[in-house]
Amino acid sequence: MDAQLPALVIVVPLLAALLVPLAGRRAAWGLVALALLLAFAGCVRLLVRAHALPEGEAIRYALGGWAAPVGIEYVVDRLNALVLTMLSGVAFLVALWMRRSTAREIRPPAVTGYYSVFLLMAAGLMGITITGDVFNLYVFLEIASITAYVLIAMGRRRQALYAGYSYLILGSLGATFILLGIGHLYMATGTLAMADIAAVFAREPQLYDSSVIRTAFAFFTVGLALKMALFPLHGWQPGAYAEAPSATSVFLAATATKVSAYALYRVAFTVFGVRFLETGLPVVRDALLVMACSAIVVGPLLAIRQHDLKRLLAYSSVGQIGYVVLGLALHNADGLTGSFLHFWNHAAAKGALFCVAGALAYRAGTTQVAALKGLGRRAPLTAMLLTVAACSMVGVPLTAGFLTKWYLARGALEAGQWAVIPVLLASSLFTAVYAWRLLQLAWFADEDGPVAEDVPWSMRAPSLVLGAACLVLGVAPLALPVAQAAAEALL
Amino acid sequence: MRSTDSLIVRYIARRSVPFIQLYALYVLGHGEDGPGGGFQGGVIFASSFVLLGLANGWGYGRRAAPARLLDPLLPLGCLIYLGIGLAALLAGGAFLEYGALAGSDDPEVRRHWHHYGLIGIEVGVMVTVSAAMATLFFEMARPARVQARVDRVGEEADRA
Amino acid sequence: MSGAVPLLGGLDLAGLGPGLPPLVCLLGLLGVVAARRRPNLREGVSLATAGVNFALVLWLYARHRAGETLAWEGFSLAPGLALSFRVDALGLVFALVASGLWILNTLYSIGYMRAHDEPRQTRFYACFALAIAAVMGAAFSANLFGLFAFYEVLSLCTYPLVIHAQTPAARAGARKYLTLLLGASIGLLLPGLFLVYHLAGTLDFAPGGLLAGVAAADGTLVLAFLLLVYGMAKCAALPLHGWLPAAMVAPTPVSALLHAVAVVKMGVFGVSRVVFHVFGPETMARIGADDLLVGVACFTIVVASLIALAQDDLKRRLAYSTVSQLSYVLLGVGLGTGAGAVGGLLHIGMHATSKITLFFGAGAIYLACHKTRVSELDGIGRRMPITLTAFAIGALSMIGLPPTAGFVSKLFLVRGAAADPAGAVVLAVLVASALLNAAYFLPILWRAFFRPLPAGTEAGVHEAPWPCVLALSLTALGTVGLFLGHGPLLDLARAVAHAAFGGAE
Amino acid sequence: MEDLILAILVALALAAVRLKDLLGAAAVLGAYSLLMALLWCRMNALDVGFTEAAVGAGVSTVLLLAAVNRVGRREQGPGVSPLLKPALWRLAEHRAALAERPDRPLLSARTMALLVVGLTAAALLYGARDMPRIGDPAAPANRAGSVAQHYLRHAPADTGAANVVTPVLGDYRGYDTMGETIVIFTAALCVVLVLRQAGRWRGPKEAP
């Protein structure tokens, strides 16, 4: 079975997603949780195996028995094992978390459908991450996109339909660009397997000057930037996160945009190669640097002005994706390490924060920031969760967020990009402003509201795991060796 | 959608259904040797119900392809596909390695099983595609009157 | 390691060494939260934590004196980024002062909070415990990252203490407190940290300064120095002193914590670390950073004293006095002479003891008769003789008169300044400051003891609750005691100075 | 011949954008797909042409008709098409409107769309400079040793299917096809979830 793991971690959630509509509601939830638990266990195993491999090697799996480039292959190396573990872990926690939440937010006949779509989305994101074939990446991108649209549109308010629709339009635009990129790439290289394309580039370096290749890269970059809501292409994101059902928000915010960022890393480093970034189209690198830096500053700045907690967090995500992309623009081991660490760090923090928003929606029926008032007394554990996650977002030392900033700053100094340091600091300050506002309400507001109990344990426990991760990842460098090795392998 | 007023159109639509479906099956089977396959076959198969719906009214078409039939068929096609893939995996090959279904190393036998596997997945594709296309049509075209009733039933179900 | 206590199947508790005090304080935090429904137990846990913590620090001190090297690897977050601990003389100065006074501060808090029947006491004690954990962690941190981390934790966990009353005034004060401290640490200290790491490739403190052998432009080093010193806004060097008076809105035990024991001392301790173990005296002198520090300190001493003179609110006057007194420490470590360094470091302890007495006094006055203004204190010495006597001792120490602790440290500062080539200016500043201190403390004492009580207030002794009085009496005795017996502190300060400047003192 | 078809395609696309009558637009799109199918056949891509005819011209058109049946025949919104006014002019108009409504975006959706289309076209034209010609034997996709050549040589022997397209779709890249089937399933499921019982739900009856 160990050899079949790469296929199984995707196929098992897919299988469960197909069985869920045929099952009863209670059994459906059990199936979801079980499938994701199995997938998570498989991903952890893959991470361990990938980390034990010697430099430059990866776990390869030929689907259908056809070795690449004739067939499609799955390739697991340290980088995507890291992302896969994050994805399946968060998905499993959200699956545990969402049973009570969906019962309140999704109309009962649609719940099993919601579970099924949720599983498909998780499997789609994991499929994007694990694949070593650019067209297969697109297929799973489609699965992940369509499911995301509807997971958003199932929000309780009418605006959710509009939010889902605007994501549909922009997301389809992005997907089309990505498809155009794939088409151009195939036209110039005659193959779709990532490793094979890279080999073609190594054999024929003059391809880097081809306008087809440059167009392909530009399309990939713009398409993926749209999907990951990189400033200024973030327009779809705040509405989407704000209107979606709570469980969708938690999962989307913690994982979805990061997978697109991962895809950009994969395309830029594995497919096109480091040399292309350096010599082929350096303007894209500079553009990404500018976009990432503006995102890092503008995201939290916009977040400060929001009154809806989920919308606030969405704008903060606009900023945080900048950290994930910054490493690509900085283009050295430390910068990449920082960004890779952020895959986990931000997933934990943002997941926890959206869990708080979900708890608020569950108990108070609203996600207005003002509803946080007195949370510290009503629900001390949830308030602690908010505190820890917010500290991690700010980058307080001893939380996970600090490590990201530390490595990014080191990378920036190493790359001679001194201007990035003030950007990082300004972002921390702006983040501190809105985090402070939230915590002020939660802990120090005058207590006049009625005392209500905390959310049920089935929701509290998974969210506390995410909160604990913010602390544990800040003190015990679980992901660090993998991230560092992955960064060095890419360069 | 209301039915057309023309009796001839309605009659011909009804009578052409079996021929369309037969053609769809032909397209499915023909995929090995020429243009065609499960996807196209599925679309054509679904179009027979679409034609019924367009010509004889939404309700008529829906009765021919009711939701309680289509809803389980939707995942079923994919399950066939996935099931074949998993069966190959359990038989010792890679996921979707149809040859492994043979359970022997004889290249001739393996090639036969490759063939069966290919047909199997095409059938799966056809089931899902035809169910999906028909579902899409009937959900989108549902008349306002029926929609109102469904809403009411849904709300009652919510309350229960 | 001798004296190791094997516990729990080989877990070497004693091997944790300098990691023990912060861990014990964290345990105390958990205990406080667990006992939230039983106030007596909760306060008992707080006191016990403080006591155990002090005992642990004394134990570390004893072993350090015995010549043992005490270190704990702690956690490695990333290569070059570790939370590791080591005992050294400078850290012990801070740890001894803070943990010793902590017991009294806890005692006083219990009296104060109970007398006032304050709400949210669990949060209060929990944050108190976290604050001392941060202080202990910072004192024994073996690298700049640890210092920075605990510095930040202290900023964050004192915020709930400052905002404790949750009145509009408290909110405004707390907002200013956190804005300045957090803004400075993110905007200045953190980039300073990046810069130091970028230059040196390490953050581990080294006896001669971790930047000692680093080739870098003087300008860059001066920039790093300024970033670090002003980043630690807790040292309240002008113009980043505004948080201190603003934080006066906090309950008195908190003010004592902020102004005497933990927060401001964290600032000056951090600067001392930067001077001795990040830059090192040689680099400091080469790039001219020592003169820069002395200049900033002199300016702060004089200007803050002048502002204090104009304050009518007792606690605000004390706050500006603190701003001015803190710069004695900066002055001492910046002078670049052995005696100066000894004076500066001694002043950490001397000022802490005296200022805590003053704050306890101010709090006791407020508790007993709800007076906060200097102009309202007429004749109060007759109603609260013990409190005001203690207050007088604290004030004398601030001025630097014998037989109080302040005299000792100022004596060393004067000696240090005299050894400095440009010492004349510094001496003039010291003298002026002493006069200014007298000018704003003596009128208080004169009012309290020699003016009659205002008409309509009944005479008679009316002291604050006994734990408060006990605490402030003890600190006053300590102020006198440190004049007579300051041996351990002096030894430690001398050890630091000796390591930095060689034998000359 | 191809040029003629392409010209008609562009005209049809413009017509579909310009038409206010949605039913008409749907019909035009049907015609568009049919012509596309023709084009695929001319390129000897019979499978693609067949699919385009069945799905693009057939079912998609019907689905569009069904959607029109739901939302009404007339498009709503401003009556001026983006092509009639230069983009800069519209930008200036929006600046003026912006002064009155600060929450309005700088560029209207139409101007944005025009910009995106223009930029995409420019990128495509740039990319076309170094494109290999259709059927060029020296093109990377057709060269000896390429994946396509491998399929052409070995597919019948590997799988026993005469039409090479089927083994590529069902076997060599069968996993992609499985993914696409799941996409179809997902799409249908999603439409069911959104459209069935479309009235908004106000949550469970018991008070939160």
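Each chain gets a letter, A, B, C and D, in the order it is written, and its residues are counted from 1.
Simple rule for what comes next: a residue touches a chain if its C-beta (ideal position, glycine included) is under 8 Å from a C-beta of that chain, and two chains touch if they have at least 3 such contacts.
This structure is a prediction, so every number in the text was calculated from the model and none was measured.
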{"item": "Chain pair with the higher count of C-beta pairs in contact (A-B, A-D)", "value": "A-D"}
{"item": "Centre-most chain, if every chain is reduced to its averaged C-alpha atoms", "value": "A"}
{"item": "Farthest chain (mean CA position) relative to chain C", "value": "B"}
{"item": "Length of the line joining the C-alpha centres of chain C and chain D, rounded to whole Å", "value": "69"}
{"item": "Whole-Å gap separating chain A and chain D, where each centre is the average of the chain's CA atoms", "value": "27"}
{"item": "Inter-centroid spacing, chain B versus chain A (mean Cα positions, whole Å)", "value": "34"}
{"item": "Where chain B and chain C are represented by their mean Cα positions, the distance between them in whole Å", "value": "77"}
{"item": "Numbers and ranges of chain B residues touching at least 2 other chains", "value": "71, 74-75, 78, 82, 85, 95-96, 98, 154, 158"}
{"item": "Where chain A touches two or more other chains at once, by residue number", "value": "14, 18, 21, 63-64, 107, 109, 116"}
{"item": "Chain C residues counted as touching two or more neighbouring chains", "value": "none"}
{"item": "Chains touching one another, given as label pairs in label order", "value": "A-B, A-C, A-D, B-D"}
{"item": "Complex contact set, residues of chain C against chain A", "value": "75-78, 81, 83, 123, 145, 148-149, 152-153, 156, 160, 163, 166, 171, 178, 182-183, 186-187, 190-191, 194, 197-198"}
{"item": "Chain B to chain A touching residues, read off their complex", "value": "71-72, 74-75, 78-79, 82, 85-86, 89, 93-100, 154, 157-158"}
{"item": "Residue ranges of chain B in contact with chain D within the complex", "value": "1, 31-37, 39-40, 43-44, 46-47, 50, 54, 71, 74-75, 77-78, 81-82, 85, 95-96, 98, 111-112, 114-115, 117-118, 121-122, 124-125, 128-129, 131-133, 135-137, 139-143, 147, 150-151, 153-155, 158-159"}
{"item": "For the chain D and chain A complex, residues of the former touching the latter", "value": "116, 120, 123-124, 126-132, 139-143, 146-148, 150-151, 171-176, 179-180, 182-183, 185-187, 189-190, 192-194, 196-197, 200-204, 208"}
{"item": "Complex contacts: residues of chain A adjacent to chain C", "value": "391, 396-398, 403, 406-407, 409-410, 413-414, 421-422, 425, 428-429, 432, 436, 443-444, 446, 474-477, 480"}
